[in-house]
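Quick one: structure below, then a few questions.
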Amino acid sequence: MDDLYRDYILEHYRHPHNFGTMEDATASYEGANPLCGDRITLQLRVRAGVLDGVSFTGRGCAISQASASLLTDEVKGKPVDEAAKLSSSDVLDLLGIEISPARLKCALLSLDTLQHALGEGSEGATAHAATGGE
Amino acid sequence: MAVEALVTPAAGPLDPEEIRKDFPILSTLTSRGRPLVYLDSASSSQKPQAVIDAVTEFNTTYNANVHRGIYEIGERSTAAYEAARKSVARFINAPDHHEVIFTRNATEAINLVAYSWGRRNIRRGDAIVLTEMEHHANLVPWQLLVQEQDGDLEFIPITDDGVLRLEVFEVLLKLRPKLVAFTHVSNTLGTINPVVEMTRMAHEAGALVLVDGAQAVPHVPVDVQAIGCDFYAFSGHKMLAPTGSGALWARRELLEAMPPFLAGGEMIREVHLRRSEWNSIPWKFEAGTPAIAEEIGMGVAAEYLMALGMDRVQAHERALLDYALPRLQAAHPDVALYGPMDTSIRGGVIPFNIPGVHPHDVAQVLDRVGVAVRAGHHCTMPLHERLDLPATARASFNVYSTRSDVDALVDGITEVKRVFGIQA
Amino acid sequence: MAVEALVTPAAGPLDPEEIRKDFPILSTLTSRGRPLVYLDSASSSQKPQAVIDAVTEFNTTYNANVHRGIYEIGERSTAAYEAARKSVARFINAPDHHEVIFTRNATEAINLVAYSWGRRNIRRGDAIVLTEMEHHANLVPWQLLVQEQDGDLEFIPITDDGVLRLEVFEVLLKLRPKLVAFTHVSNTLGTINPVVEMTRMAHEAGALVLVDGAQAVPHVPVDVQAIGCDFYAFSGHKMLAPTGSGALWARRELLEAMPPFLAGGEMIREVHLRRSEWNSIPWKFEAGTPAIAEEIGMGVAAEYLMALGMDRVQAHERALLDYALPRLQAAHPDVALYGPMDTSIRGGVIPFNIPGVHPHDVAQVLDRVGVAVRAGHHCTMPLHERLDLPATARASFNVYSTRSDVDALVDGITEVKRVFGIQA
Amino acid sequence: MDDLYRDYILEHYRHPHNFGTMEDATASYEGANPLCGDRITLQLRVRAGVLDGVSFTGRGCAISQASASLLTDEVKGKPVDEAAKLSSSDVLDLLGIEISPARLKCALLSLDTLQHALGEGSEGATAHAATGGE
């Protein structure tokens, strides 16, 4: 019944890949959705134009954390310029679940953080999403 | 789609008799058993069934706060509210629906600009140019602003038949005003102002332009990009939408640079005890729980009018004016009519006076025969002062107005004269 | 009279099952075919049929602008709008209905005070005392004000279970603040603050008092004269009324001395090109066409609640809390509950967290079983910072809430735990 | 059919009593409803505590002018303290027609002006009424 909380999403949430910190990171960025309290710190190690190492720490909802886990898997080992090209819909495809507008911001926090870490920060993903307030 | 089904095909002239079927109030009777002849649409328009139903549907099936709930009716409410924003943006051809801020009415929209943009940009000695025909909503906020900031107001005068004197505007622009604010269509005289030309002139002189569109959106096609203005303010309740709805459109750069106006929930990104960060536009300017059902209704009203076609709406009202003005003059040569007689620059508003009868008495007697018109200064006291009129009576049209409404007015005036013992 | 007929007799406890019949949305099903269990009333309440009908009746039979038309539907509209003001005044026991100003919501009401009273009365170095539990609506307007006027904000801290520390308030009052502003009932914790005592303390120190009543009016009897405060702000949409409705009550002398806030039609007595004179209160503060249908609906909602009896409403919600808190603790000892456990000082609000599950995920899974709760910071970010919680889930009650709603929540939490693989 | 525009009201409107100015007035006041454009200037001549002379000029709707005509008839020759006691309902009785809330202000302008002229100005009658705006 739960489209959103598929087993692999919950698995990534409970046992996120690439979780932790790196001593020799070359770039890092902390992204947050203040409205929800989701938070992700992403570390990158770039060597010869390639994302040779990627790790993150964070807290937040299953969607935001699973998305970070899946995204870091995806970009690890990729050339920087390829990683920089990833779009929102790529990330939604990675998640493979139907995200309602209210949860979009959770799903895209990892991408936004990556783009900032790559020095490609765009305002797009930090724009308003339908979450958290009253 | 409910909307599409309700309207006449989008070609040929509007058929007001068909349209009237969509407005339940128009088939009610007054307490004296007369059919309601509603000729006060410039004050507030009636609402079609589709708009009424949109409000009821919200209240009975998905009432929930917006932007907040991770549950079905909350998501539905948010989606409908944001879809309404897109409809309203499309209705005025805004380049970006994030530039549409929902307000209670045109008045709040103009005050928002006066407080947020004005207090930051108007300084001692700065001039704001208005016109002599402004509604109080586009006058008093600027009075308060220049009082506070020690700025000046200047006014584009009008000719005796209610047309702006652009040659004087030209001269006023030499004062290098920071802002020029004027109404698109006069609520009292019906004058359709040359907004494109005026905006160009103002911009050439380095001023920003605010257009008060309260009387334009219900009656003429509005394209803010074609106008080229910087701010466009309007009310929902005059364009078939519920009371409590309205909007301000402004260019993104301006809105982004402007400080918040009302503060509270929703307009923030982050709040600490002593400082906060703002949300992106448009939400930065929508503090607190908005008028959700009402703005959703405004979206439906915009769709309804777009389905009718605003060029057809304008043609319909102009045809009605072309019928009404000669008919009134012929039947009542003693009645004074005001406003431009050139109906190509006039919306469906007919201000008039019966010599020897105060407009209040005119309205009161007309009410007895079921004809609803407005009497007074129509929130344009300075314009009445300029025209040396203590007050006027005013009949005004909307999409559902018909020739028989005009006929009822003509007969009603005969009745007023009878009561007051005036020979025709 | 439609209202009277709809409610249970005004003695004995409320029968929520009877009341639910008045709320059409409560018998709808979610898209998954589940009955709607609406536990987000603190965000926005549902509307009874009497309120929905009042809006429809306005739109279909007497829609017209207020204070303006000398014709039948205009007089009816004006009379209904002003009657709503009287109902709302009676609802909070205001000594004079002219002291009730209609606003869009509590947020606008508070901003009105911050702009109009605040900019005139708060000067460099003046302090305003708030609390750590304020909704952003009663915090951010004061941040903007003290930034502009170079004043200071001070905060009454809370205990860990969400009760104001009055002994610190006592100390803060030595700063001789100009204003003390606090919420009557906390939207996040449910805490009912000792408003009478706090108002007395503030007045003794020479401060004026603004009470944010947004969460009080739907849940506890409110008597502004008994409280003794100077300003009382609240929203319609949380007390069974339509979105777009709300009110500020303030003492006449204050309102009369305050400069206008929004400017435009209706709030003026006389307008000239460069100066204007203001209308008397409350109209001085109601510029432009108000949310007529919505405020009329707010009057009906006030009558509905008065017919139920606010003491019975409070007793009902307290009984439900007394049922829910032990039930939750018993069924889910791992779930963290926040707010005072003494239900004599608590409204029907239950913030909670399931360890290991983010509130968004809690709300999302609950939605799938038809249970609507809120997740996030509930517009009290500083309070969440104070409690060191990134976010909470929150269930909240209203007159139509029942024990079976609570049971559905308890079962829903079990389901959340199942999905997330948490042992009970 | 017209309750409001009874013959005697229209008669007072068209041929108002006490219309004009007095050279030897001892008090005068101009009252106005800016919202409607109704205007009344009232002149009084007080001798030995009695309203020995009363006259008015003005313009406005039938109700406001007829009310001034009727009211001046009523108070002429009366002791000042008696005139000062006249209430809104007295004036409505004088008019003898049913006044809707929207027209109350028109009907009571003459009383308000009289009270001001007598130095007894009250705010009451200048309070908001439902007229004129948009």
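Chains: A, B, C and D, in written order; residue numbering restarts at 1 for each.
The working rule: a contact is a pair of C-beta atoms (placed from the backbone, for glycine too) under 8 Å apart; a residue touches a chain by one contact, two chains touch by 3 or more.
Being a predicted model, the structure only gives us computed values, none of them experimental.
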Number of hops, subunit A to subunit C, where each hop joins two touching chains: 1
Contact-richer chain pair (by C-beta pairs counted) among C-D and B-D: B-D
Gap in Å, rounded to a whole number, between the CA centres of subunit C and subunit B: 31
Approximate Å spacing (C-alpha centroids) for the pair subunit A, subunit D: 77
Geometric centre distance via CA averages, subunit D-subunit C, whole Å: 46
Averaged-CA centre spacing for the pair subunit D and subunit B, given as whole angstrom: 37
Where subunit A touches two or more other chains at once, by residue number: 34-35, 103, 131-134
Where subunit B touches two or more other chains at once, by residue number: 43, 65, 68-70, 74, 135, 265-266, 270, 360, 364, 374-376, 379, 381
Residue ranges of subunit C in contact with subunit D within the complex: 65-70, 74-75, 78-79, 265-266, 269-270, 277, 279-280, 283
Residues of subunit A that touch subunit B when the two form their complex: 34-35, 100-103, 123, 127-128, 130-134
For the subunit C and subunit B complex, residues of the former touching the latter: 24-25, 28, 30-31, 36, 38, 40, 43-44, 46-47, 51-52, 55-56, 59-65, 68-74, 104-108, 110-111, 114-115, 132, 135-137, 139-141, 143-144, 153, 155, 235, 237, 242-245, 260, 262-268, 270-276, 287-294, 360, 363-364, 366-367, 371-376, 379, 381-382, 385
In the complex, subunit D residues that touch subunit B: 1-2, 4-5, 10, 14, 34-39, 59-63, 103, 106, 131-134
Complex contacts: residues of subunit C adjacent to subunit A: 42-43, 135, 187, 357-361, 364-365, 368, 374-381, 384, 389-391, 419-421
